[in-house]
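What follows is subunit A paired twice: with subunit B in the first complex and subunit C in the second.
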Partner chain A sequence: MLDLDHIIEDVRNCKLIPEYQIEELCRLAQELLLQESNIQLIDTPVTICGDIHGQLHDLITLFKIAKEPPQTKYLFLGDFVDRGFYSLETFLLLLCYKLRYSDRVYLIRGNHESRQITSVYGFYDECMRKYGSANVWRYCCEVFDYLALGACIVSPLGGEDAVFCVHGGLSPAVASIDAIRLIDRKQEVPHEGSMCDLLWSDPEENIPAWAVSPRGAGYLFGYTETEKFLYKNRISLIARAHQLVMEGYKELFDGGLVTVWSAPNYCYRCGNVAAVLSLDDQLNRTYTTFDSVIQGGTEVPSKKPVADYFL
Partner chain B sequence: MHYKLMSIESEFRRLAVSRNLRKTFFNLVDYKASDNGNNIPRFGTPHVPVGALKSPVINRGTWLRTSSISMIIDDFMKQNEGENVQILSLGAGNDTRAFELLPKYHKTLQYFELDFPDSCKVKKFTILTDKRLYAKLFVEASANASQLPTDYLSFSSSDGKLDSNCYHLIPSDLRKLRKEMIPANFDWTKKTLVLSECCICYMGTEESNQLLEYLRKWLISGLFVVYEPMGGQETQDSRYGEVMVRNLKTRGIEMPNLMVYNTIEKQEARFKGFGIDLKDLVVCDLKFIYYNWIVRNSIMRISQLEMLDEIEELNLINSHYTLIVASWGNAFNCKLRRQLQQH
Partner chain C sequence: MESGHRTQARRVKVYTLDGDKWIDKGTGYCTGELKGGPHFMVRNENNSSEILLKASIEGSMQYQRQQDTLIVWTDLEGNDYALSFQEPEGCLALCKFLIDLQRTTEPNISLVAVFSNGEDGEVTEVIAGPVPEPSIPTDDNLAELLDLVSQGSKFPKFREMLLAYIQEKKYLHILIDTFHRNETRHKISNLHYLCDIIKTIIFYNDPDILDTLLEDDTIDGVLGMLEYDVELGNMKTNNREYLAKMTRSQEVVPITNNDIKNLLKKTFRLQFLKDVVLARVLDDATFNGISNHIQINEERILKFIKNDRCFLADLFEYFNTDGTTEPGLANKRQEAIRLLHQMVLIAKELQPSPRTRFFKALIEKGLFKAVQFALKQKCQDDISRVLATEVIVTIIEHDVFLFRKSCGPGNNESRFLESRDTYDTALINILTGILINEPNIGLKTQAFEALKMILDPSNLTNAPESLRSSPANSSSDDDNDCITNPCETFLESFYKYSANRLFAPLMTINENNMIGRGDMVTYIGLCELCSFIAREHDKFYSHRFIVERKLLDGVAQLMDKKYPYQLRICALRCIKVIILLDDDILTSYIIQNETLSKFVSFLTETNNCNSLVNSVCLNLLEILIQNNNLRNFHRIGRHLVTSYGRLLKDNFLGEHLVQIMSIEEDQIETTNDGEEDNKHEVLRSEDSSLVFGEEDRSADISSLQTPADMSNIDTSILLERREEDGNPQDKGKNGKEEEKSDDRDDSTQAKEKVVDESLLLAISKA
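Moving on, here comes the complex of A and B:
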């Protein structure tokens, strides 16, 4: 039997977790996530967090600022791994909290929770470096396949409105939230189609409807598409992550959509602040911004590549 | 790689550098970071081994840097077609631009490269040992063959100077540049493109400005092409420059001007201060260039070679690099580029 509290303690201190324990952890997580639907229903109050990208120390700061689970109910919008130097610890910490407090911590999938992307952007290399084999990476990727695609936040006090949460954005193949419920999500993120779009798309002011995304996957969607989706699904807000915003959060389309970004000083290079969004029982929005803890330089492991520039 | 190692006196340091060079080929360590001694400003461009796995955002930015500079150089060559012109490359280091330009323009172009003596030596001997390299620069290898060093001692006593009828490698310390250090075949009356690709940004503010003023004063007709980072306007939400200074410091790199000329406006004022007319001056950040100078098809083609997820990050980094094109004495007509200018 796994001692989750003990593992949480070790992960927070960046201690290496034995491979067999990670295997067990991932197996339990799969069983748990399997029971969740594509769109999770979450009651307020809840705190929504955007991309973390392996910045473990900043995640620990986030928990300090918005309170440790289970004191606060959390929804993480994906992109736990890649880019930062502690992807594995970050993902394991979130997974442990999920297993420990399954109705207080919710995780949905980001475009980086995929085999293909993690093999380019750092998570695969990190696992290889830390364990000398790809086993740990493989166990984690199997968990990725079971992560939900989105969430709907409602008030337990009733009320018409809801908040729709997703990592990237809308898809031309998805007109209603119900359509997302029909997707068979238990697979690697496809290169195209509704599941791909939900994880890859971006909002864009100044475009009428849909446009090609410069990322090479997903779409750009505009004001009218957002309005249509809000109206049709009776929601007041789309909360998403996926894009770096220097201020930590940014509302678009008359407040109908918000981007939340929770990785301060992204990639140890961008100099941005991070934010989380808390929704109360009236779905009022409170943004809390926070800065990177890492001023002393100990956060960047000295033997690994530091932030790159053109020199 | 061979001559790089030969340039190091200490056996221990040689071992360390050799280890890092080998790592570079497997892309575990940045060349410049590993090879740069503490606080010794080194000029030049990074050495990117073929097939190295740099992160996509860095690859995309490096491509943009190279292509935007090439655009200006091509414009310069076209505008002055048939005329005898010169390119003076400051801190040329491992820069390979001459290999591309001279086979094309050797009849009218004189190419001068300036760098520290040790960097010149490494470059010179690397060129001399490969026909594919020296043939492109029209260098007579046989005349130089006897000079190849075999160990540190012969390396340190050797000379980094290399000449052909169109290519000139000149060992020099740019901080102490005097007219007499420039060889007689450099013609101060010819139209000259002065290239600083991440070079003068490593020099002190005074030193770099003195160098530019000096060239501006003595060249009758010239064109500065300067690519360098700028720290940006610090705001409560954005501390890019401050973070960059801190990150570079951990690698023993200093860029004294990063926060001095941290915005386009300040760079513009700097070059106007050298007596450059506003109509002869173009200062853009690389984000602007990416979206306004580069043909859409090229971006599409590049995107297919390597997928790039971090558009925002690329935009952020690019907005902290500038390309400055500043001409005087009719060396270059900025009109076209000015139409595509920021503001």
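Moving on, here comes the complex of A and C:
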């Protein structure tokens, strides 16, 4: 049996976890995640975090600021990997916490949790560099297929309202949250359709309804569509990530939607601050922002050199 | 210079500054002249003998070009002048005059362009002017030096001159000496300046300077300077120590060429700079610049390896079977595999044609020997096997034909591999063995991927370059055959020799057997391959194989409660893909063999939990409901309702399906009265007639051993189906068929009325 606490410690110190342990970790994660519904129901209070993108040290800062699991209940909105230099450690850390405290940590899928995207934006290369073969990447991608697509946050005290959480945004093929239940999510993120849209769409001011997304996947959705969705599903807020906001968070559409971004100084040079959103039992919103700091003074974020070199 | 020593005359207004007012001195024609020392001359437009302005160009005067039509300057006595040109071309012509002067007789004058940047700011760019030479760094002037170097990032012209100076004067060495001096004295602020200076120079993104940085006598100093990043405050990184500690493994095959040796070293250092030292700070342009540089180097290295007389031959020599007793050979072989793996990964980044050439060279020199050796290793050497499989996957991914081609006559490999068929079979057999018997999960997964790649017909039909350019192909009829229909030949041989063995586990599922983690991965792979061949291969081969070998029975078994959820989901997804093919025969098979009974139990079992597992089940019902107007989906829906209606009703979506069917039933009863029975009969007879005859199904697949047999079967199926079409009885059936579909149109409308109120249809419509 895996010693999760030990692995958590090692991952936080960027120690290489043996391949067979990652394989086992990923299998256990699958077993856990397949019990979760496409849209997870989560009770308040909860802290919602946006994109992390492999910035392990900033994730550790986040835990320092918003408290270590299980003291705080967390929902991560996806995009754990790519861009930063510690995608693997970031994902493993979140996965370990998920396994260790399954009802205190929730993970949903972002558009970067996909084979195709990770082979371009860094996660694949990182695994190759660290392990010399792509197997670790394969195990992780298998887990991606099991991640939930969104979450619905409600207060255990009752009350009509709820908060809908998803990585990207709305889809013209999804009028009601219940409809998402019929998606077979255990697959690579498709290029179109409701599952794709939930992970890829962006809100946009000044457009009437739906518009083509410049990203080439998902849609742009405007005020009216957001209003309609909120009303129809009896929710007060859509919390999503997916877009860099310099201030860490940004509310749109009269506060009906918020973008939360949790990777400070994105790509180690964007100069933005990061934020997390805490919801209390009345669904009141508290934003906490934080900066990137170099941890403990022992290591500067960098890629690891190739393990062995023959040429 | 135009017309001797004088430029063409351009129309201008001349102004001088008086206090803070510009005074108009008149309009005339301006020329740049050299006679009597360079000067601007403006003659009155009405009277060419009247000189409005004669202004010498000398010393270190600075000229500004503003707004495209103005040249403004202050002369040595402190008088301000402005020339306002009628046309921008005129202004440009006189600017060119100044630039030429700066480059020849007046090197100290300068010309800067001033742009407004929209709001209130102004941007200046040096167009021509003397380059301030960087002063010799002392311990006190590093701040100014950094300023100067930073200017170079802004002005390309300036950067160019600075770079030339740095190279010519070996300025890097001077900087490095300064660095060592300051490091010994712990002058941290100076070290921070030096770090910024060297970073700025790297960010010039100039290939030559980059190359100089990587030389043996500079790299250590450069890495040292980069350790003192101002962001780190009083701390530093340990680049030099890190690089020194990362001892390079010894050469597997010694390289004697010094140029290449040097190139290898530099490439490694560059990679280290890119990935480790500068990873955090590189902007996209510099990142791409360095990456390109690396790629160009690697391309040269691979080219050398490919063309070298000995390198590859020596490398593969390790895998000749004789001499196994030699001490240290096992170790050498492992290293050789790692080297191969690394080369293949590098080659993956090359352009397609050099990549093909390199892979070809590897294969011709004996790659398969090495791979075969590695894969045969027992469990103690997992690394070699993992890497060797990855090598295969990479090459197949690029071009499936590369492996096959290598067995042409006269090739070394032909000793091992008599024909293309056996070659494919050999590779597929090895991979099959890994997928089925291998305990290492990673390897199993890789073998699965490799198999999927080999079985992918799109890899076979996109006539790859290797095929066209191969001399081996034209030499024998057999190869020509392969050109005419490579896909067909491949499928024929696959289903003849390999498919049975590959899918054997699905045909022999033991009901009482509990399975381990490894088996789960095998079965998941096989479920995926089963749906893959059903979808991608010509159905003459694949559907027939699936039906005759009862693969779906095995797949259905895997949905049983005793198996892990991951596997059950995968099995269900396989069935779903098959249903989505909307194929008559496979649909009939599913209905007749109760393939979906396990699905219904699976659904019932998860009715009360909203989980991924439940969603996967619901998704299949949803697909049936959505496509109910298509014949085969309708057949399956009706079959489910007929056989499992009671169980379906426990599920909200299942109940919906039951409803749809009963509405149809009502429709048929009211509109068609007595014909209902007839229709059911038709459906039933359809079910059986579309399936292979009983004799056919019982026939052993081994009877397909020869191509002749295959073709017989081919025609017999065609005949069977053609007869169906031509049969007068069937005509009647077809007539009914149409009638039925009309009915269905009605019933679909009716259905929509009912369902519109329900949430579900609204969803799917949206």
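In this section, the second predicted complex is superposed on the first by the 293 of 311 C-alpha atoms of A that agree within 3 Å, B and C clash if a C-alpha of one lies under 4 Å from a C-alpha of the other, contacts with A are read in each partner's own complex, and residues count from 1 in each chain.
In the analysis below, contacts are C-beta pairs under 8 Å (C-beta built on N, C-alpha and C of every residue); 3 or more make two chains touch, one makes a residue touch a chain.
The structure presented is a predicted model; accordingly, all values stated were derived computationally and were not measured.
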Once chain A of both complexes is superposed, is A:185 in touch with subunit B (first), subunit C (second), both, or neither? second
Output check: A:254 vs subunit B and subunit C. Expected answer is one of first, second, both, neither. What do you get? neither
Touch count on subunit A, higher of subunit B and subunit C: C
Should A:133 be classified as contacting the first partner (subunit B), the second (subunit C), both, or neither? second
Considering only touches as defined above, state whether A:174 meets subunit B (first), subunit C (second), both or neither. second
Have a look at where A:271 lands relative to subunit B and subunit C in the superposition and call it first, second, both or neither. first
Contact-wise, after the overlay, does A:30 reach subunit B, subunit C, both or neither (first, second, both, neither)? second
Touching both subunit B and subunit C, residues of subunit A: 268-269, 297, 300, 305-306, 308-311
So in the complex, the part of subunit B that touches subunit A is made up of which residues? 28-30, 32-33, 46, 54-56, 58, 61-62, 65, 198, 229, 236-244, 246-248, 250-251, 253, 303, 307-313, 316-317, 321
Subunit A contacts subunit B in the complex at 111-112, 117, 120-121, 214-217, 243-248, 265-273, 297, 300, 305-311
Counting only contacts in the complex, subunit A reaches subunit C at residues 19, 23, 27, 30-31, 33-38, 85, 128-129, 132-135, 138-139, 146, 148, 172-176, 178-179, 181-187, 268-269, 294, 297, 300-306, 308-311
The residues of subunit C that touch subunit A in their complex are 229, 231-232, 235, 237, 242, 246, 248-249, 251-252, 264, 267-268, 271-272, 275-277, 279-281, 283, 298, 301, 335, 338-339, 341-343, 345-346, 383, 386-387, 390, 441-442, 445-446, 517, 564-566, 569, 573, 576, 609-616, 618-620, 622, 653, 759-760, 762-764, 766
